[in-house]
Amino acid sequence: MSRKRYRFKPKAIGLVGDSPGMVRIPEDAHKPHIQVFSYNTKEVVASKGEAFSVIMKHLETCTEHTHWIKVNGLGDAELFQQIADILKINPLVLEDITNTRQRPKFDEYDGYVFATSRVIKFNEEHELTNQQFSAIVKDNLLISFEEDYSTCFEPVIERLKSGKGSIRTGGSGYMCYALMDTIIDEYFVVLADIGETLDTIEDRVYESPDKRIMYETQHIKRELIMMRRVSWPERDKINDMIRSDSPLVTPEVKTFLRDAYDHCIQIMDMTDSYKEITGNVMDLYLSMVSNRMNEIMKVLTIISVIFIPLTFIAGVYGMNFSRQDEKGRPIPDNMPELYAHHGYVYTIGIMLLIGIIQVIIFWRKGWFNRL
Amino acid sequence: MSRKRYRFKPKAIGLVGDSPGMVRIPEDAHKPHIQVFSYNTKEVVASKGEAFSVIMKHLETCTEHTHWIKVNGLGDAELFQQIADILKINPLVLEDITNTRQRPKFDEYDGYVFATSRVIKFNEEHELTNQQFSAIVKDNLLISFEEDYSTCFEPVIERLKSGKGSIRTGGSGYMCYALMDTIIDEYFVVLADIGETLDTIEDRVYESPDKRIMYETQHIKRELIMMRRVSWPERDKINDMIRSDSPLVTPEVKTFLRDAYDHCIQIMDMTDSYKEITGNVMDLYLSMVSNRMNEIMKVLTIISVIFIPLTFIAGVYGMNFSRQDEKGRPIPDNMPELYAHHGYVYTIGIMLLIGIIQVIIFWRKGWFNRL
Amino acid sequence: MSRKRYRFKPKAIGLVGDSPGMVRIPEDAHKPHIQVFSYNTKEVVASKGEAFSVIMKHLETCTEHTHWIKVNGLGDAELFQQIADILKINPLVLEDITNTRQRPKFDEYDGYVFATSRVIKFNEEHELTNQQFSAIVKDNLLISFEEDYSTCFEPVIERLKSGKGSIRTGGSGYMCYALMDTIIDEYFVVLADIGETLDTIEDRVYESPDKRIMYETQHIKRELIMMRRVSWPERDKINDMIRSDSPLVTPEVKTFLRDAYDHCIQIMDMTDSYKEITGNVMDLYLSMVSNRMNEIMKVLTIISVIFIPLTFIAGVYGMNFSRQDEKGRPIPDNMPELYAHHGYVYTIGIMLLIGIIQVIIFWRKGWFNRL
Amino acid sequence: MSRKRYRFKPKAIGLVGDSPGMVRIPEDAHKPHIQVFSYNTKEVVASKGEAFSVIMKHLETCTEHTHWIKVNGLGDAELFQQIADILKINPLVLEDITNTRQRPKFDEYDGYVFATSRVIKFNEEHELTNQQFSAIVKDNLLISFEEDYSTCFEPVIERLKSGKGSIRTGGSGYMCYALMDTIIDEYFVVLADIGETLDTIEDRVYESPDKRIMYETQHIKRELIMMRRVSWPERDKINDMIRSDSPLVTPEVKTFLRDAYDHCIQIMDMTDSYKEITGNVMDLYLSMVSNRMNEIMKVLTIISVIFIPLTFIAGVYGMNFSRQDEKGRPIPDNMPELYAHHGYVYTIGIMLLIGIIQVIIFWRKGWFNRL
Amino acid sequence: MSRKRYRFKPKAIGLVGDSPGMVRIPEDAHKPHIQVFSYNTKEVVASKGEAFSVIMKHLETCTEHTHWIKVNGLGDAELFQQIADILKINPLVLEDITNTRQRPKFDEYDGYVFATSRVIKFNEEHELTNQQFSAIVKDNLLISFEEDYSTCFEPVIERLKSGKGSIRTGGSGYMCYALMDTIIDEYFVVLADIGETLDTIEDRVYESPDKRIMYETQHIKRELIMMRRVSWPERDKINDMIRSDSPLVTPEVKTFLRDAYDHCIQIMDMTDSYKEITGNVMDLYLSMVSNRMNEIMKVLTIISVIFIPLTFIAGVYGMNFSRQDEKGRPIPDNMPELYAHHGYVYTIGIMLLIGIIQVIIFWRKGWFNRL
């Protein structure tokens, strides 16, 4: 895993002092692709690539269907102008859709509701991406907005086409729930991946602690900070939806939302547990490194210390004290050992003895044990 | 204790975008064993091994008994289909039963209630297992689901057979409580075991700190994270049951639930205390190791330092300064010590003195004291 | 202070799956001693040693007195049977009395209330003991239960006999409050002792940090964890009593309970402050030890480093380069210093100089300063 | 980035025991510059530099406009006297305006409301400044107070002049919101800057950890402490405004305030995330430094240890054991190696061997690996 | 700053089991000095030194004034007896006044209210003192109690005499507020002092970290723990007063109390920020010390390592391998270097080279850089 970081600085969209409700399209936004799904219990009609105003004209004539307009890409100011004109959407909502740094939230307006979620998933380079999903629900119409041409709602489209479950009968509110539920399911996938990485890292801490563990743990910490920043407001949003009086959030949908609420709490739980485990792993790694370092230093120091007295003795018998003074008189007490029979052998023997005694002492003090 | 870890990653059951309420049986699920206990104040009738539809037919005719259908093992999709068909259970409930990663929760539905708990206990290898228990309570019927063929409800069956306490008179709600209470009692056993392990580890920290303490403390931390993740929602669940308006949770059962609620808080208390103590033990261990290491390094360094000046002196008198220059003229100030009477003895004496003075200085500075 | 630890593991009373409300007397429980105090504004009649059933018979005839039955020791199953039979007490209450691991709590039942507290005090070996006090209040009767033959309620008995304050007029509810207040007062004594120990330890950290400080701080941490685990539910209990509608908790008693509530919060405040100070003391100790160790290592290393270049010089002039090659030709550039006049003196001088320069450099870099 | 610090000590304005509501102008306050903007849907009339009493006279005659009096600089006690006299403002409000250490708050009074915010931005030296903004809203009049001649409301003036959005129609309440919104937008700019700095620092930690990272992280921590201290009460203030019953805060303004409320929570979220990341970066830095230090010490120690046995051997063969005793008798066992053919070559060989063996051993133990 | 500590242990006033409401005067209490201020809008009459009963007699005749009885010193049990007798004050209140370890609180009784605050200020030795202020407010009478003869209310007396603000018209409730406000103002002074000390310490950490920083930071931590322990209940107390229904707390006073409430929150904010900064400073100090120590050790170790190979070489050429074997035969491969022309010069040269190469290697690895 290469070193990647999540930059949390908000994208600089909008200038300080901008009028609230002003739509500013970021320059690198994708051009919108629009798909339309009109369905009722009997059929699903899908179309693609038409202009928004054309779509809306068409839909007006077709009231017994529920319509899901799926917009991928936000890079067209005119589209939002049309949405505002045709559907009478508050400019604050449009600002929220285009300013892709919103926290998950749910707002009720006259005749429609608005919700945003964060789509967290791994991209092809196995980097976490954090994109915005937003949806306007109005009568039998759902308009969903995604930042790019992601395919993460394919399973929902499949279910829609196959007609399984309540998806064709639940109305636009249920469809909105189905999309958000898919997003939350994705969180579990992300957390499962993080959990697995964490397990792998912990194994490596025990087996071969190296410096990269530090980077990777740091990386996971950032991922978890992001998950927590997303899951908390997500839970609050779902709670707001459950408590909402809007007829667009039907009791049936509320039952399902309660399930999603439980999932959110589970996500938060897991995120917190993982954070704690990440901290533990980091602590463990630091302890392991410090222990190993201590181990090395200890062994090295013991080796030094064993030789130091021996070297001293060798030094002593390397001294040049003379057996005769300047006048040639013998000095019998100057290093008589050097002239003793077996002097060298005894000296080597004493050195060996000292070395062995030291080893024994250190051994008995338990200094050779691993701490 | 070998190194084991709790993997927190959710099992990958269900795919992203699955329709909510879809029952997916994990492949490694046990085949269900079904036991039935029909009891009233007078008698207990136990049967075993019949198919669910057969059981239900039989029970319809037998209204003055309370029935407990005990299902061990979830590996049969058809069973759940029958439960849905015969008892009209919401598919979300069936999904919750088979998706064995639920947090403890309590949900009320029309005519029945649904509750899940986590069964935490040590298996034969003394590893903590975390399995799901769920129960549907409907009129005089309780259906309980366990993941495997565990025997942890044997005491309840014993009490049922012996007829002690309120167990035969309390109805299906009381039986549900009795099972959950048994699960909570098991938590105390687990915590008692953890507490004992913690005490043993702490003793070892004082007496012989070694590296395994780190692993084991880490291990206990994970166990406690799991206990906390389970006991918090368990408490909330019991609170929901106490506040429930459902006639299936009778006032008598609520009195007992209040007791269980107290037990849950006690579990949480103990878990938190243990976590704190685990942290303390870890800190203590690290301090001990660091202290011991310091001790060793200090002793070794003191030994080195004592010999360094002595070796230097030996080195000085090992120099070969000549008493005569190249022309044979005497150089009287070149190392006259070497030619002095008693020069060697004095030198050895001075070395001894320096060594002793160093020892005294270090002693008086308190460097030999244990820190 | 010797090394003692508080074992937090719950005593294994009751088996998993026990029927709730089952009274299990621990085997090492004391045999109950029963004292009875019957009092009104005019007189106090004390008796001792009678059987419970005898006492109750006697009390029935004596309605204008308030009765306090003081039970010390819980080791008699029959006693609890009698209490259940005569006073119609719920088995859950009796289980709570005998299962001496309850958190402080207050429960209301039909016609009586039940409260438990934890008695924390130092025993003769200056170890903290944590015992259970429980009380049943019913009409003009208070039955109090203690685990052993403690004398901690002597002051209350004194006040009762002397008739000071509201003690004789306040009824059984006031008496219950008076006992709990005495227990809380004891907490202050314990905390005062802990505070004093903490102050002593902190003084020692500054003056002579040694290893025992670590053990003792650890010990105090455990004591404070216990105090906090006790004072939080104690406060909740008192709050429950203040909010209770039971006629047994009179408005007058509630006024006093508000006072006790303040005391509890003060206890919690102090406990938290002490915990924080304990953490600070530990940090301080670790810093002191690390600083001292650093100091020692620094001095030792400086001594080594000063001698290393000197030893090297001595080594150089101990080399045996010959002034004549094998053929007897002079080699004038082989160690001419050795044959120089004053060579030795200069060498020693240079060594001294190098040593002094090093000392000066290290001095000016501030390496001799205490960090 | 130079080392700057945020001094949190409150400016000593007002003396202990001052009468509440006493206006004390700090000595270094700027002289007030007053600008007036009178606007309705049709026109904007701006004037400048007139005295307050003159302005007020003028405004009385001009009721169909909304008036924004923008006061920059607080250094004129008389101004506040006039405000109090003409507009009947409570002295507590005036004290709050001049005492520039207020937390953000919103107070309602009879006929007017009062709000304060903190303006946080970077000055020219890229230091964070924390100044007070306060505003009185009364009927169609808004008086705003800033500490200095800042130009941070230029965008609002621009919007006012161009007439975009609701700014000319929203009344004085909307204008107050618009100013506060601009201040909050500025927070995002500050946080974006902090985020970028944090990213740069983290990159440097990985690439070239040096001491300045510590100072800069410390610096950012202080900035974040300030942001948090400002954003929490800001959120509470906006909440108070949303819940206010004052007719000056119209429902339209409340819709916009809800948006600002979301922004505030986002600010708090980001601040907390940044704090956590700052902590992580600091930990990472300390680990990196410690690791690098360990690396260096390890290499150095290994080098020492390799040479120590070799030096010992050299020392041994530097000993002067004599081949003849004092009487000239040969001592054949005194260092025969010295007289052996190839003795020197073997010795050097053995030394090389020992060195190589050591290197191999250390290598195989993984001591040369980076930890 | 000398080393001082705040002892948090409660003063041992009252014995365990004391009757609640018992007044125990601590032995070292000051004898009470009583001052009386009777004032209305027209005049202020001050008197001093009279006995309490005399004062009360006098006051009864003087109903159109508001009376402030200022009691300094609590050392007279009879005084409290008289207060109880004449004013019918609950004994619990008198206990709270004399037991000077109360948390700030506000209690309402029949016909009077009672409030306590903590007076925190520096004494002449610049030590923080923590004393109790309490006040009884009854109709037009305020009795304030201080522990010693402090002059901290002089400014209030000044304002009373000069008649500025609402002080003469606000009644006894306002006077009580005025005193408490003065106490809170004092907190700001204390915190400003702490903030300044903290800034000084932080400067010193960067410039010359020494051990005293640890003591002083520890000291400030204790001061902040005390401030927090005081400001939290102070805020709660003021909140209780604001919510009080007592006619003694008039709406006008409540307006001012809201201001005091804001100040309290500001105090708490500042205390928390300071605590955080204190922690940061401590961390910074520890890092600085550790870095400096590392720096020293690194330099010393590098010096050692540079000389170790050199000393080894010198050792090698100090070996005494003989050029002739015992039989006088030449051994040409025994240390031929010693007999080589320029052998010594080459050796010294090689030593220099090795030294320089080492320095270059270490340099290029960046080991001489400051970490």
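Letters A, B, C, D and E name the chains as they come in the text, with residue numbers starting at 1 for each one.
Everything that follows uses one rule, which is that contacts are C-beta pairs under 8 Å (C-beta built on N, C-alpha and C of every residue); 3 or more make two chains touch, one makes a residue touch a chain.
If you want to know which protein each chain is, UniProt gives these names: A, B, C, D, E = Magnesium transport protein CorA.
Fair warning: this is a prediction, and the values are worked out from it, not measured in the lab.
Visitor: Report same or different for the chain D and chain E interface, where same means the shared residue numbers exceed half of all residue numbers found there.
Guide: Looking at both copies, the contact residues mostly diverge.
Visitor: Counting in whole Å, what is the centre-to-centre distance of chain A and chain B, each centre being its mean C-alpha position?
Guide: Averaging C-alpha atoms per chain gives centres 25 Å apart.
Visitor: I'd like the Å distance between the centres of chain A and chain C, where a centre is the mean of that chain's Cα atoms.
Guide: Distance between chain centres, rounded to whole Å: 40 Å.
Visitor: Can you list every residue of chain B that touches 2 or more other chains, as numbers and ranges?
Guide: Residues 297, 301, 304, 308, 311, 315, 318-320, 335 of chain B touch two or more partner chains.
Visitor: Output the circular ordering of the chains, read from chain A in the direction of chain B.
Guide: Counting round from chain A, the next being chain B, yields A, B, C, E, D.
Visitor: Over in the complex, which chain A residues touch chain B? Could you list them?
Guide: Those in contact with chain B are residues 152-156, 158-159, 164-165, 167, 181-182, 185-186, 188-189, 191-192, 195-196, 199, 202, 206, 255-256, 258-259, 262, 265-266, 269-270, 273-274, 276-277, 280, 283-284, 287-288, 291, 294, 297-298, 301-302, 304-305, 308-309, 311-312, 315-316, 318-322, 324-326, 331, 333-335, 367, 369-371.
Visitor: Quick check: in the complex, which residue numbers of chain E touch chain C?
Guide: 3, 5, 7-10, 12, 14-22, 92, 101-103, 105, 107, 209-211, 214-215, 218, 221-222, 225, 229, 233, 282, 286, 289, 292-293, 296-297, 300-301, 303-304, 307-308, 310-311, 314-315, 317-320, 323, 330, 332, 335-345, 347-348, 351
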